[in-house]
Every structure is written in C-alpha cells, then in structure tokens.
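Chain nomenclature is as follows: A, B, C and D, assigned in order of appearance, with residue numbering initiated at 1 for each chain independently.
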C-alpha cells in the first residue's frame, strides 16, 4: 500500500475512535486516548533511531519536554506582547523544528559514539537541557508554568476533543513516516547501521549522515508529541516533563511490541498505554512504572523480539511451513566455531 | 615422567567448511613435533580441537600426563589447561591493557602453578631479560617480538607438562623468528616439556623439531619421522609454493 | 611519473602502526587497469591491514593512496566505495536482519545510484537476482543470512561486493575451506569479472588458486613488500622461498 | 556575590569531601561498566537500596549506618552475582547485550525505585549517627564530619579495591576479563565466574555508597536518578575502570560542582557533570585519565 492511502486509513481509524467516544459523550476517553496516542508518537519516534538504527536514546523525555517548552515559550511571548495566540498545529510544527535541530546537534556531538556511550550521552544531554529549563525563568523555571486553556473550542466543543484530534493526526503522521522510512532506501540504510556499520560503509552507505538523519527525524517527532502537552496538562513543571517515565515508556513500548517494524511500537504503545491508563484509574499511578519496568525486563528476557517476534515464531512453527524451512545442510557436522 | 598426546582420526568443521579431515598426530613424551603447512590448512583448528575451543565431530584426543590417561574431547578449555596443557595462541592474545608482569602473573592462576610462581617468574625473566626491563609496561605497547616473549612466558607460568605453540613466527621479523624458536627449545629443555608446534616457517621450525607432519587442506599430506626425512623431501616445496 | 595514467591504483610509501607494532612499512604498489593481482604473504604479514588502508576502514599514518587518478587521503570508506573500490571481508559480514536480496540491494541503492544511475524497482530486483545467480544463490534470495552455510556466506560476500559495480575488486581470502570445485567456481567468476574490465586483487592462501588466477604476484612479509612480478619468477625468488620456508 | 578567599577555600574543601563520596558511588560502575563492559545504569538504584537498608536498621535498632553497610556487604554481593547470572544467561550468551541489556538495567532501575516508593512513599528519610552534626573548624575552614567520615571511609574502600585488583589473582583476572576471554580460558580461568565475582563486588560497593549517601543527605527513592549521569561522567572521565582515575575525576567533578553551586547557585550544579561528560565523550571518548 502506498503512503497516501495508508495515512488516510490511519486517520479514518482515529476519526472512528473519536466518533465513538463522542457518541458515548465520555470525555475521559479523550483524556486517556490523548495520552495513549502521545505514546504512539513517542515510541514510533524512538524506534526510528533505536529500533531501525540500533542506537538507544535515553533522552526521549528531553525531546518531549523541549517540544512542550517551546510551546510555553511561544505562549508566554504572545501573552506578554498581546499578539494573537498561535494555533496548536503551528506550535507543533515549530516544536518539531526546535527539537529536530537539537536532535541533529545531539547526533553531531555523538557521531563517533556507539552502544552504551551513545546511550549515556543522550542521558547526559537530557539533564543538561533540564538544567537549562530549570534556570530559565521566562518559562517558569523550577516553579513551573501555567497555561490557561480555553474550555471550549468550536466546532469540537470540549477543548480536550480538539487536542485528541491533533494527536490523532500526529500519530497517523508519525506512523506513516516510520512506515515510509522502513520501505525506502533510508530504511535499508538504517538497517545496515544496526547490523554492521563497517560493512555498510564498505558498500557505500554514508553511515554518519544517516545517523544524523535518524537523530533529527526521531528528535523532531518527539518534540512534536510534546508541543500540545502544556495545553493538555495546564501546568508544566520541569521535574515531571523531563521525568524518566517518558524515557522508560518510549523504550519499553517498542521493545515490548517489537523493534524491526513500525507495527511493533504501535502495538506496544496501544497495549501498554491503555494498561497504564486503566491501572491509574483502578489501582494507583505509582504502580504504572512498576508494571512498565516488570514488563520491560520480562519481555527483553523472555521474548527478545517482542510481540511481533512471538507472532512470527508462532506462525512459523505451523507444521507445513516448518517442513519447508528445514535446515539447509542436514549433513553438516556439528562444530562450535 | 614425560607426558604425551595422541590425536586419532579427528574431523572438524566450521559449519559446512571442513577444516580437518581424518587427522592423526602423535606427540611422544619429551618430543618436539611440528605441524607444517601454509595458512588456512587446518593447523590452528587442530590446536583448537586439542584445547577444547573447537569440538571435533569425530575422533579422539588423549593426553597422558604423569601416567594418567585423560580423554580431552568434551572437556572445557579451562579443564584441559588445568591438566597441564598450555597453548600459546596464534596472534599471542595478550591482555594489552595490563602490564607485562600482570600478564605473566595471570599465567600462574591455577593452583598447581601458584606453588611454583616465584621460581617460574625468575626463569621467565632469565630467559627473556628484556621482559624484566619492561615488566611495568603495558603489553599492548610492546613490539611484536617482545609480545611473543610475553606470550611464551605466560604459558611457562602455567607450569605446563605439554606445550602447544600456534604460529609463533606470525608478524615477526626473520631474526626474531629464529630467536623465538630458540626460546621455545630452551623452555622445553629446561622443563622437560612435550611440545607440539604449528609453524609455517619450515626452516626455522625444523631446527628444533624431532619429527613433523605436513598438513595440506586439512589432511596429513606427509609424515616425516625425522628432520632428515622432512628436509630431503621435494613435496614440501610443492606444498608451500604451489610450484 | 611514467605510466601513472594507466594505473588504477597507486600506493606510495604507505605506513601503518598499531601501538608498538609496525603493521605496514613503506609499501609502494601500482596496479594498472585490468590487472589480475595476487597478494600473498604469511599470516600477520599485513595483507588485511593494507586492504583496510586502501578501502578507508583504517587510516594510514604515512604515504598516500591514489585511485583512478585522484588521491584517496581523507575520504571515508563509503566515498571510496562510490569511487569504484569494492572489497569482500575475510570473515563474512552479512547484514543479519536483511534477506540475501536486500543484502545485495544495499550497494545498488547506495553506491550505484549514488553515481547518478537510478533504477526502477524492477530493475533493482533484476540486478540483485543477477548478482545472486552469478554465485548460485538465487534460490535463497528471500532467506536470511543465518540460513546460509559458511561457503554460501563467502559467496554472498563476493556477490555483494560485485553488486557495487566496482572498477577494482579486492577479494580478501574468499576461498578458505572451500572444496576444489568450489574454488574453481569462484576463480571462474573472478576471471569472468576481470574480462568485463574489473581490476582484481586476490588475497589468498590457497597457492594453487593464486597461481592459476594471477598474472602478477606481490608478496608481503612482516609489513614489507619483498617481491613483485610474474608468478613463476616470484615463487622462485629465493627471498620468497625464505619467507615461506624460513631461513 | 562577593568573591572571598574563605568562600573559595571552603568550596574546594567541600568539593574534595563530596568528591571522595562520589568516588565510592562510582567505584561500582568503574568495575561493571569500566572493566566488565556491563552498562549497569541501575547502579544508582542499588545505592538507594543501600541507603534504605541503612535507614531501616538505623531507625529500628539505632545501629551505625556504615557498620550496617559493612555487615550487609555479603547480601549485596549475592544480589549482584545473581543479577549477573540472569544478565549472562539472557543477554551475553545470546549476544544481545547492547540494546536489550541496556533496556534490562533500565527496567531494573525502575522496578527498584518504584518498589521503594510503594513501600516507603516519597518522603525524605534520614539516619542518625554521632558524626552527623558536628563540624571541625580550622580557622575559617569548616570540615563537617557528616562529609568527612564518608569521604575517608570511601577512600579506604577504594584503596582496598585497588589492592584486590592489582595484588590478587582474582583481581588481575577481573582486570583481564573484558580484554580477551579466550586468553583467560587458556590460563584455566573461567571468565563467567570472574565476571560474576566482579559484578557481585560492584553491587556490594553500593551498600556502602548508599550508607554514605544517607549520611550526607536525606534520601527519597528518586534521588538515585541524579546520580546516573554523575556516576557515568566520573567513570568516563576517570578513564573507564581505573580506580585512581575514578578518585581524581570524582574530586574534580566534586570541586567544579561545589564551585558552581557556591558562585552560580545550586540549580546549575547538575549540568556541570553532564556537560563534562558530553564534552569528554565528544572530544576524547577514552577519558582524561585513560590507561
């Protein structure tokens, strides 16, 4: 399927959820759905760098917060200067530019780092950004910032419904981008970086450039996910916006879903995100992270290729297909290299 | 009491690449036996089979140490080394970020070796005075020849009964090759070792050998029961130079 | 500067050290267009290091490498590949998560297309299929590399390097452990490529293969070039004999 | 802000004292990450666990936190050895330590932290000991015992570790294990056993570091997070796995942080170590004091 129709289907699906929730007239669905969709964007974005290229980013929260704070900054600016408020879709794009640039910068700083060093550098970057925000009084510093959100907006009625729709569009766009990358030249290039950078270079793949592209796209999408957040939450504080909850969720969701394809992060985010929303209501919000932590550890140990991997293994183990996939060299002698 | 090693009819392969095909080699007590042949012919793999690093698909490997027979196939590398069989691996494989002395001391990890640690360390520095000068230097910063000395010294610290040496000449200038070969002989005589050495440098290897085998494409192509037999053999040139 | 114009590869006084270990010293070598060069030497003599310096995987400290009339100093590995240098790795390094077809697709997408030639999707598939067919792996196009035997991995390695449509192909020990007829197959493939105008450097331990393939042989010993010339002459050179048999 | 000599001296002194404590916090990571190549980003969480153990014993029985930590060393050692065994079987053996191994420790970090939150809540906890409170005065120089005692015990701990690493057979094997496992096996040493021991020791240090932490400041479960970056910054700066390097880097970071909070305000302090780390990684990944 080409990307156009695919995007359309995603939007229609989101629209259907919107319609159903509107029919039930239950605003909680919009509240909870917003968060789940936000995780779809975050985990899809993380997966572009982490799953496709094999570079672990612990700093998702920082990019998310960057988007949120760019909104706060612009909001403050327009309030002080009494200019017209910038509509949220524009804010989302601006946040995308800001965090894309920071993503590029991060990629540039860490070009030569691999594996654990890269991961640790992203963690360090997150704290540096947090410190900057904490000390930036214009956006509220450590005390936080209030964003007054209109309670209604035409023609959607409740403002949360509007935010939900924005997140639907954003999630559909993010998944479409991820899917497009996966099937393009870029996706093949990313896969070679994950598998063997040395061999990739020897075959003409400009690995450093591709890494920069990945950090930029991934960072931009995370920032865009954060842009509407101040309007959703109403009060933004550095300690919670930069919280490691976002980091662990955006890692756990793709790993639980499966990292090699766009489907994995979506499944992971929908499942885990919904589970967390339910747990928040029924048990407590503190238990959330415990669930995420346990699921993450459990999955990486037991099902290293996530839910997708489990499904594939199950399909492959059907008898007739198994017969077709018998070892190719049945007569090869046993040996440990 | 001298120790011996008997390899009978082993086969080994990496996946579908057959590297060793029905090879039998015997090293009697106190002998120095060389495995000759150019690279990629299976000499290293045979060494790895003996050390339990590669598991042969067929055949047996038996070591007789102090009158006791040990079947080596199926044992871990650590167990085999602990029996008193040491390998100086190809490429030396030192710990580059440890000092020369730390590398040597690691050789004496096993209990039997710790008892003789100080004597063996003295012998080591006596055999390779250069190492005494450089004992505090990082092994990775040494020249190729010095690294080979550390590798031999480290094996010596294991207090082995049987010494395997894999391609000691690799990457060394000719004069160092000859010195290394002499050092192996000196070690052997001093400790009454049984030595099996894989080496492609025919002329140098033959200087200290009692007997030898030529391995071509994973098979024993020629067995020389004495150095004379090896020396006076036209096949060697053909195997080596493809002429 | 005589004959420079005809030389595809020109190495001048190249040197490389690792810590205290001198891996290559003053290597000079010219390879004219269309050559079939065998590069031999005992283990650890620096052959792979030389390949890595030519291809940009390692940076040489001394000397220069010129390829196709331009110096390669400062160019990254992928830039050199795009200029027409390709190599196979001694230990096969397939992209484990990609099918064989996709493994071949990489050099097409990133090297051949970077030279300005665009392919349609079906052309790409066709080229990939052709390359796999050349090494007899067409039936496993949709398999992952982990389904291959070591021999097949070596073939994949070669096919992938060929797919980059190089001017110079460096085959680094692609025949170790292969049977007699498999060696013949690969040699025939290399000869065929050479007849199509690709210059080839063959690094190999199997003397029979080197002798039958090469028109010229270069011998490295402990990081130095000790001989360079006609195969028969080189192998009769007393210095080469000493290097192999010892002195 | 008036720049006075007293302020400067006291900033340096408290930086050195805090640095000594940082060295203990980092020692475990220098072992696991620096020497074994195991990226245990959950280490700070185990330190917090150490703090809480010291806290419980202190409030229940009034025991000294440092003595408690020493008594608890074997328990932490066993915990570490067990974690390594899981890590080895699940990741190292399968060759998947990079991405999934990282995620594993990230998960452990959260499980530990959230379990503590669920059990103890998010209130700050503190311990009591005779040396928390008094301060030695030498002229205008202040030496709070609350900082001095952890610093001295920490330096002692590092000295003991260094002796173990360089003077014992096991220690040398630990230093060698990440460099060449096959070579180690050729010395009749089982690399997995060595790693298990080393990782056990690494987690055991968290027991002591945790006691130091709760002596120096009140602790709540998420305090560990600010140490993740600091600890890795010091480890990388110190040259990955060199204990003397760790001490020097820890003191350096301690002094710079102390300067930053004295002259710019405490809210800028966290950026210092991370800024250092980012720069080091970008410019000289081998660290300042690489061996």
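Here is the rule we go by: contacts are C-beta pairs under 8 Å (C-beta built on N, C-alpha and C of every residue); 3 or more make two chains touch, one makes a residue touch a chain.
Keep in mind the model is a prediction, meaning the values are calculated, not measured.
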Practice task
State which chains count as neighbours of subunit C and simultaneously of subunit D.
Solution key: A, B
Handout entry: By number of C-beta contact pairs, the top two chains
Key = A-D
Completion exercise
Separation of the C-alpha centres, subunit A versus subunit B, in whole Å, is 55
Handout entry: Geometric centre distance via CA averages, subunit C-subunit B, whole Å
Key = 32
Fill in the blank from the handout: Chain centres from averaged Cα atoms put subunit A and subunit C apart, in whole Å, by 42
Practice task
Indicate the residues of subunit C shared as contacts by at least two other chains.
Solution key: 149
Exercise for the section: Note the residues in subunit D that touch 2 or more other chains, in rising order. Expected result: none
Handout entry: Multi-chain contact residues (two or more partners), subunit A
Key = 329, 332
Problem - Of subunit B, residues touching subunit D in the complex - result: 51, 53, 76-79, 81-82, 86-87, 89, 93-98, 102, 105-110, 114, 138, 154, 158
Completion exercise
Counting only contacts in the complex, subunit C reaches subunit B at residues 19-22, 42-46, 149-151, 173, 176-178, 205-208, 210-211, 222-223, 232, 235-236, 240-242, 244-247
Problem - subunit C partner contacts - residues on subunit A that touch it in the complex - result: 185, 188-189, 191-192, 194-196, 198-208, 260, 328-329, 332
Fill in the blank from the handout: Counting only contacts in the complex, subunit A reaches subunit D at residues 50, 54, 56, 58, 109-110, 112-113, 115-117, 119-121, 123-125, 127-128, 130-132, 134-135, 142, 244, 247-248, 251-252, 255, 259, 286-287, 289-290, 292-294, 296-297, 300-301, 304
Completion exercise
Touching subunit A in the complex, subunit D uses residues 33, 37, 39, 41, 86, 90-91, 94, 96, 98-104, 106-111, 113-115, 117-118, 225-226, 228-229, 232-233, 236, 265, 267-268, 270-271, 274-275, 277-278, 281-282, 285
